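So, here's a batch of structures to check.
Note that chain A is present in both complexes that follow, paired respectively with chain B and with chain C.
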Partner chain A sequence: MKKYFRVWKQLAVMASESYMSNRIEYGSYFLGKIIRFCFLMLMIAAIFSHTGNMAGYTKYQVIIFFLTSFLIDTLGQAAFRGVYLFREDVRQGNFDYTISKPLNSLFLVLSRLPDFLDVIFIFPLVAFLFYAFSKLDIFYNPQLLAYYPVFLMLSFLMVAGIHVISVTLTMWTMESESFIWVLRNTTFLSLFPPEVYSGSIQLFFTFVFPIIVIFAFPAKVLLGLLTLKMALVALAMTFVFFGGSLLLWKTGLKHYSSASS
Partner chain B sequence: MKKYLTVFKISWARELEYRLAFFLGRSRNIIFLLLLYYVWLSLSRMTGRFAMYSADELAAYVFGAHLLRSVVFGSQTREIAWDINNGNFSNYLTHPVSHFWYMFWLQAAQRALYFLSAIFELVIFVFITKAHFFRQTQWQLLLVSILATVLASFLYFILTYVVSLSAFWSREAMGPRFLFEWILEFSSGSFFPLDILSKNLLAVFQFLPFAYLIYFPLKIYLGGWNAGQIAGGIGIQAVFIFVFAALARVVLKRGLMRYSGEGI
Partner chain C sequence: MIIQVKNLSKTYEYYKKAPGIWASVAGLFHREKLYKKAVKEISFEIGEGELVGFLGPNGAGKTTTLKMLSGILYPTSGEAKVLGHTPWKREAAYQKQFALVMGQKNQLWWDLPAMESFILNKEIYEVPDAEFEKNLNELVELLDIKDILDVQVRKLSLGQRMKCELVAALLHKPKVLFLDEPTIGLDVVAQKNIRDFVKHYNRENKTTILLTSHYMEDVKDLCKRVIIIEDGEIMYDGDLVKLIEKYAPYKVLKITFERDVEKSDIDRFGEVMEFEPGNVILRVDREKAKNVAREILSSDLPVDDILIDEVDISDVVRKIFSNGKDNSLKA
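And now, the complex of A and B:
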């Protein structure tokens, strides 16, 4: 474990040096993220300037959904940015060097490029979440606050699973890097409460492609709206999804032919 | 012209070659379609209206934005900046083509293909959801909104061309492009009609060229403006095209003076 932390620390130092040497590039990316956040908040503000509720939720409840979704997406980006470099590694044969290192290759692939811009972004997001929560017209319940990080952790594991599936598919078919972009784009669906969508879409994005479980369930826990049954479903799905993705990676690695090297 | 048609055909074939990437690439637009349709539907479900729009008008706006995103934004390629940074730009200098028109026709094929795909997606979507939407029956308005869309498509191409040319001065052109795209996504009105915002914010957005990419053609389609406003908007589109085309010419000329072909 100590060895992995040392490696991650070194990777983090290298990534931060890369960011510092490309200030315009990464400064623009950071500004882009802030602008995306501000515009989406503006959209919510514009919506609630014309109505009092959205699918039965008040303004600050919708903001909790939005911020939670944004937070989980940002956590995933901060931790697993290395995924976006993987396709080139496989194409150029560099992945062979990764496999031959005395470390878990999946760890190296996923954590190759920790994203500090996203880490910085997490702090204001959490501050906004506290602010929005304080504005809710509900009785302060410490239990809900305690469950929230637990469900965030489950969501993080599922996001990790999606990244693992993505790199496995990239290893198999060079075209499938876009899979991770499908996930990134699908997260947009979770910016608003799932009740906005029709029943069949909610079912699909809960049990087939569990975007709602990942991004909306933690917000529902915080709002005290998640039933025990659905909480157990989330727990079971996390174990199946994350465990399944690791099995898929192991199978993929066994069949990796190193064709490009 | 014949050589540019060949560029068009090659680009078309290239897009179809990577079919999985093409379909996954379309997923972004399909997801936005799902998101926006249901968000606006849920908001107008109670009263049949939201802000100054009826439910059918909002649906038409969302569907129209889906089509226009395809034909105006295309695939939002970053090829030009890549070419400059990697030295591939030298290829264009040695070929008997104008880089500007070469890229225009290259992207025109992508846009045409994306547009056809967007129509197909919409037909399926409307069939599945049985969605109601406002249909414009005045052919004059239809024609003018098509003209505004063509001008919007050209304006977007020139805007992105100028932004991509910043790669002549810095290897760090992808970040600014990312920033530009997000500003554009929202201020073009591709997420929501800009006039649901406050009057002050709307005035700011209408001052920028982006509002003339999606919001303006769709407002014409919905019949929200009179002849004077439409003529004024088309005129503003034309002025922006002229200004940014002149800027692109200057930037390209200056950029080429700095270009060293590094990376070949």
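And now, the complex of A and C:
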């Protein structure tokens, strides 16, 4: 474990230096992220200037859904940015080096470029969350607050699983990291409470492509709206999804054919 | 034995892709699976400290073999042991004892100085600080790269980058080194620098090295033993000198004349390979080379200089490949 931390620390140092040597590229990326965040906040404010609730949720409850979703997305991007470099590594054959090193290759692939710009973003997000939570007219329950990070962790594992599936598919097909863009694009759907969508869409995004479990369940836990049954479903799905993705990666590695020399 | 390979085979699966948009659309629904036998039941052994050249034309199976021995690829069948480990089990205990350098690929971070990648490898291979310092200083001095350690990799020349790749690969003092085309694309001076380094490193550290290269100079300079592979099968495994003796039973006489001579004046001495009035290249039997040279010098021909040379090894290998597979080639 100590070895992995030391490697991650060095990767983080290198990533930071790399960002600083590409200031314009990463500055633009960070600016884009801030603009997107502000735009979505304005959209929520605009919606609630015309209506008192959305699918039965108050303004601050909707903001909790929005911020939780944004937080999980940001955590995933901060930790697993390496996924976006993977296709080139596979195509150019540089992944051969990764695979031959005495370290878990999946760890090296996913954590290759820890994103500190995203980490910086996490602090205001958490502050906003506290603010929104303080505005809620609900009975303060310390248990709910304790469960919230646990469900964030489960969501993080699910997001990790999606990244693992994405890199496995890239390794197999040598095509783009398209699967991760399915997550990125559907994340937009999860910025609002799932009840705004029809029942069949909710079912699909809960049990088939579980973005509701990933992004909405932690918010529901914080709001005290998740039933014990659904909490257990989330737990089971996390283990199956994350475990399955690791199995898939292992199988993928066995069939890796490497780029031609 | 450090490397033992027995009946190792690798078959790649791939899909047929016909040209044209309609073929691409059809390919969405049905794709024909094809198989390519890249390596066919090859066997060989390499002892400690040996530096073996692995020769063959493009697509012969050299790199595939190297990748199986590095644990990058799973074989279709067969066995291999390197330092007592099965490579494709990818055990950390094995991975810490070998290194792989591929001339056309890189493990250094493009935007950063090479030093950062060295430190990353130090952590990955768990090299103690003191040992890291010692190994790094040694390698930096040998390769003469002190001045470029703090330069972004993308600003380095290809030769400088290859030197840094070698340092990154050797910091943990591997017992086995796989070199896949380490001099590819380099100018002659850079090629020689890399060759000199590999020779020195092999001699000083007794590192077992398996080298593939397109440049015959690399092989001639570095390897006593060569393994020649074509179409996935080993055609020759043995001493390089014996290979030349066996498949090039002749030497080359390069003669320079003080003034122009006629071709008919010299073709009695041997087979004329190249003729210009002042310069001639003759091919003569290996055993008779000295006597023929003596005869030419004592003749009335206006000889200015005469050189007895070995035939170009690339010609030998080309001859073997053009003859096709022949079991008699096995040493």
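Methods note: the second predicted complex is superposed on the first by the 257 of 261 C-alpha atoms of A that agree within 3 Å, B and C clash if a C-alpha of one lies under 4 Å from a C-alpha of the other, contacts with A are read in each partner's own complex, and residues count from 1 in each chain.
Just so it is clear, a residue touches a chain if its C-beta (ideal position, glycine included) is under 8 Å from a C-beta of that chain, and two chains touch if they have at least 3 such contacts.
No experiment lies behind these values; they were computed from the predicted model shown.
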item	value
Touching partner for A:T58 - first (chain B), second (chain C), both, neither	neither
Contacts of A:G32 with chain B and chain C, given as first, second, both or neither	first
Partner with the higher number of touched chain A residues, chain C or chain B	B
First, second, both or neither for A:N22, with chain B first and chain C second	both
Chain B versus chain C as contact partner of A:D96, first or second or both or neither	second
Chain B versus chain C as contact partner of A:M14, first or second or both or neither	second
Partner chain in contact with A:Q202 - chain B first, chain C second, else both or neither	neither
Which of chain B and chain C A:H50 touches, first, second, both or neither	first
Overlap of chain C and chain B interfaces on chain A (superposed complexes)	22
Interface residues, chain A side, partner chain C - complex	3, 6-7, 9-11, 13-14, 17-18, 21-22, 92-94, 96-97, 99-103, 254-258, 261
Chain A contact footprint on chain C (complex, rising order)	12-13, 63, 67, 70-74, 90, 92-93, 95-96, 98, 100, 102, 104-107, 109, 111-112, 116-117, 119-120, 123-126, 152, 180-181
Parts of chain B lying in touch with chain A, wherever the complex brings them together	18, 20-21, 24-25, 27-28, 31-32, 34-35, 38-39, 42-43, 50-51, 129, 170-176, 178-179, 181-183, 185-186, 191-192, 196-198, 201
Chain B partner contacts - residues on chain A that touch it in the complex	22-29, 31-32, 35-36, 39, 42-43, 46-47, 49-51, 54-55, 173, 175-176, 178-179, 181-182, 185-186, 188-189, 191-192, 195-198, 201
